[in-house]
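Each of the two complexes below includes subunit A, the first together with subunit B, the second together with subunit C.
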Partner chain A sequence: MTEAAAQTLDAATDEPPLPKRSALTDMLGELADLWRVTLDTLFYTFNHKREKGAVITQCYAIGNRSLFFMVVTMGFIGAIVVYQIGIQTARIIPDMSLVGATYVKLLIRDLAASVGAMPLATRVGAGIAAEIGSMVVTEQTDALRMSAADPVDYLVVPRFLASVLMGTSILLIGGAVAYFAGMLICNLSFDVNPYVYMNFSMVTSGDCILGFIKCLVYGGTIALVSSQRGLRTFGGSEGVGRATTEAVVGSLFAIITLNLIMSTIGNFLLPA
Partner chain B sequence: MNAALNIPYRMGAALLLIADQTGGIAIMAGQVVRRLVPPRIDRYELFRNAYRMGVQSVPIIAATAGFTGALMVIQGAPIVERYNARNIIGWSAMFTTFRELGPLLIALMFNGRVGANNTAELGTMVVTEQIDGLRALAIDPITYLVVPRYLSIAIMMTALVIIGDFVAILGAMGMAWGILDVWPRQFYYSAMPMLQTWDFSVGVIKGFFYGNMIALTSCYFGLSTRGGAPGVGRSVNASVVAAASGVFIVDYLSTFILH
Partner chain C sequence: MIELFDVHKHFKEPVLRGVSLSVPAKGIYALIGPGAAGKSILFKIIAGLVTPERGSVRVNGEEVVGRREREMMDLRRGIGMLFQNYALFDLSVAENIAFPLRRLFDFSEDEIEARVAERLERVALPGFQDRNPASCSGGQKKRIGVARATIARAPIVLYDEPTAGLDPVTSQKIYNLIREEQRAQESTVMVISSDVNGVLSIADRVGMLHKGRLIFDGTVDEARVCPTPEVNQFVHGLTEGPL
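Up next is the complex of A and B:
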């Protein structure tokens, strides 16, 4: 590069090409983009032939390879939550017989899905964004567009389907693991017999429906937010790192926000 | 035949990898502590990192914590309504948020935002040979790069837990007012006598431990990056996952130690 060209480039990069944007307009732009990716994904999910085996490959990458991590994490979470409920109960009433019943209600209604979705988002979201992001910076997505294949159709839809399917299964497995880890801690720390612990009398069908909807929504959200971040990667390998970070933060934030919305609505529509 | 033989092989390889990484993180902890004994800290780097990592994370951490407080009220609402125990909602929501969920969710968010970014930054420095450049100038990368990052992550994580706890109280108050008709004043005066200072301190101490975990893990994975630009992506990914598992393990241990 000649010196003159370098100077022009410097001048070009020194001054931002667009008028200064605020954090709010940035966020709204990102949300609009996310909405567009969501609509595209849903459109192609129902309207297009997919590459054979793509969904299965993604299911393996998203589901099976996260299973060990999720089982360990949810085991720890279950143990911790039961312990906290136990010491909280001990401060009001010394009766530990309802710890299991309260815990399983809380687990089904909220914790198995929402707390479990956080480690899942960390793992799956970072993976999806890094993968799609490297494809974008190495111009593989442009090659796809050249071949008349929409990257949303070709890359996002299999990940979305796999994430909904495997995310839900993994969250359900994680919930079961958390339940049994809680049983162990309850027995060891508070001397609660497993028969007393296994009390499902407080669980209603509304709890199960709400929990299941949450699992499905989180699975889809993780894939969509991370794919959108991945597709908008720019700026070489540093950009991939940035996209990964934003994907994890964005999915976690989306999960927390959606949880608040779904729990508030669920509190009125599917009362406990 | 291969599939059957592969399972023990892969289990062993995974275990060796975990042992390798745990050992690497422990060695890095030792190196950092060694450089803190007579403290030699690059003050400019420390303040720059503390601002970037801590101050700029405040909005997202505050939002997370506020939502967590509100969620705990929603989850407690059915039980409270059933037993008509409105004067317990403040305490039950705050107890769980302070001791457990607040620090945990803040740590996960902080890990995604700061830990991943930190790994990416150090990893890029490694693959562009900037670390070797520092060594050639007789500047110790641990003193110059890792110690300020470690200190600012650990201190800022603790500070963010304190800020987050405050915002969580506001979130819980608002939600209790909205769905349970518990006025903020009633919420406050019902929660405060039953909450102990220790409940609050447990969360803050946990926050400090999580900060240590995130700092050491992200610096270790950043500095051990290999294999060019794709390697940075790989190590960011591995770092986020490892730090998240580390946070859960630290959480489990500290819950039982600090009960």
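Up next is the complex of A and C:
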């Protein structure tokens, strides 16, 4: 067969036609793949034993190593938001007594989770995508599959569990830091007494429940979106870079979309 | 025995174009060809890591194509694989080598430890158990990869570029090791290599892929006198020719 095959080497008449793909098809394919990764992650979370220490290691990488960055970022965000609120309030009604009360409600219900999740996504999402993406391009995920270790079970689930646990913890800590940074700015810039600022009378249990659910969902979403992008890495270091960028962009987009959905549902089920 | 029939695969461009191949059992089959010919993808298709668009792949009589990931476990128990990029995990050398045993079989810790030590002796890396692969040289990483690929004593072993980037002496040692392992286990071995002289020194049969097509399949002696210009040029390392 060899000579004949060589002569017709470039003819390529018997290969199946390449399927035509549009941007919409690609996007639907990505969403379907994200859905598959999510379902597999939930399946393995409840049906398989974890490798010893896998979740703890990820908790350290996702939690402890993000703590300083998140504390500093949320401290500045809290200070800036309260300063701007104070300036606008002073123009309308020069009464600052309710700034702390309205700010803490806003913080608990939405800002701590939704704003905090964004820097968290850049820090954690990029790390997860780069790590898994590097494993894909160096064939480590293939080696896992050859040993009957599904990469979703072995790589994604520990990161998912750690991100839910530590992501939630860090967002709560970040919220607290933003609150106290706001208190400092309120006192220094607008002369509001900390006792007046620390007014929780407007906060309801619904605000706390909705804020906590958002923290849990964002923690899991960052891990799932970033892992899916990492697993879809194609090519060498350029592919890892692309996957990392897409993980951060995808996570931010998912956070904003989920915030809209959860806030809308929350307004009906847990009114402000 | 490994059999492929009319296997097609494309990514952005066609990678495999109707490859049909039969690899006899208990021998070494060398798969050669220039870069981007589709050799590594062919291995991944045989191992069920990549699904072809068209065609059939049978390993020991069992169809690989169309199986779901969770149904691949039995098949992969019977296949060992050395990856081109080593694919060693960020674990100790011993943990890397023991990984397939822990996941695919139900051996006691003592047995796993003994097997790892025996493999490390075999690949001339005794006492490397606690080292991290990152601190090993390229040749040592390849040998760790060989130890991992062969620890389960699988009847089929696939070696993807086992000597890429290695010096000639280390390369020949790796080839000798592959031959000795194949004889000891009586396994069916496929080796991808761009080092034609080295791989032909241990192969029983040879196939050449070019632009996604199998343009030669025969014995080593037949390969050396094959009149097909691409095969002749590649086997003899000529600079003049169609490649």
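Assume the second predicted complex is superposed on the first by the 252 of 272 C-alpha atoms of A that agree within 3 Å, B and C clash if a C-alpha of one lies under 4 Å from a C-alpha of the other, contacts with A are read in each partner's own complex, and residues count from 1 in each chain.
In this text, contacts are C-beta pairs under 8 Å (C-beta built on N, C-alpha and C of every residue); 3 or more make two chains touch, one makes a residue touch a chain.
Worth saying up front: this structure is predicted, and the values here are computed from it rather than measured.
Colleague: Between subunit B and subunit C, which makes contact with more of the residues in subunit A?
Modeller: B
Colleague: Once the structures are superposed on A, label A:T264 by its partner contacts, choosing first (subunit B), second (subunit C), both or neither.
Modeller: first
Colleague: Considering only touches as defined above, state whether A:L184 meets subunit B (first), subunit C (second), both or neither.
Modeller: So A:L184 meets neither subunit B nor subunit C here.
Colleague: Give one of first, second, both or neither to describe whether A:E139 is in contact with subunit B, with subunit C, with both, or with none.
Modeller: A:E139 contacts subunit C only, not subunit B.
Colleague: If you stack the two complexes on chain A, which partner ends up touching A:D150: first (subunit B), second (subunit C), both, or neither?
Modeller: Only subunit C; A:D150 stays clear of subunit B.
Colleague: Who does A:S237 touch here: subunit B (first), subunit C (second), both, or neither?
Modeller: first
Colleague: Write out the stretch or stretches of subunit C touching subunit A in their complex.
Modeller: 8, 10, 14, 17-18, 44, 47, 49, 53-54, 69-70, 72-73, 76-77, 79-81, 83-89, 99-100, 102-104, 148, 210-211, 213-218, 226-231
Colleague: Please give the residue numbers of subunit A that touch subunit B in the complex, ascending.
Modeller: 69, 72-73, 76-77, 79-81, 83-84, 87-88, 91-92, 102, 106, 109-110, 114-115, 118-119, 122-123, 126-127, 130, 133-134, 236-238, 240-242, 244-245, 248-249, 252-253, 256-257, 259-260, 263-264, 267, 271-272
Colleague: Give every residue of subunit A touching subunit C within the complex, in rising order.
Modeller: These residues of subunit A touch subunit C: 1-3, 5-6, 9-10, 12, 14-16, 18, 137-140, 142-150.
Colleague: Going by the contact rule at the top, pick out the subunit B residues touching subunit A in the complex.
Modeller: 60, 63-64, 67-68, 70-71, 74-75, 77-79, 88, 92, 95-96, 99-101, 105, 108-109, 111-113, 116-117, 119-121, 123-124, 127, 179, 194, 228-230, 232-234, 236-237, 240-241, 244-245, 248-249, 251-252, 255-256, 259
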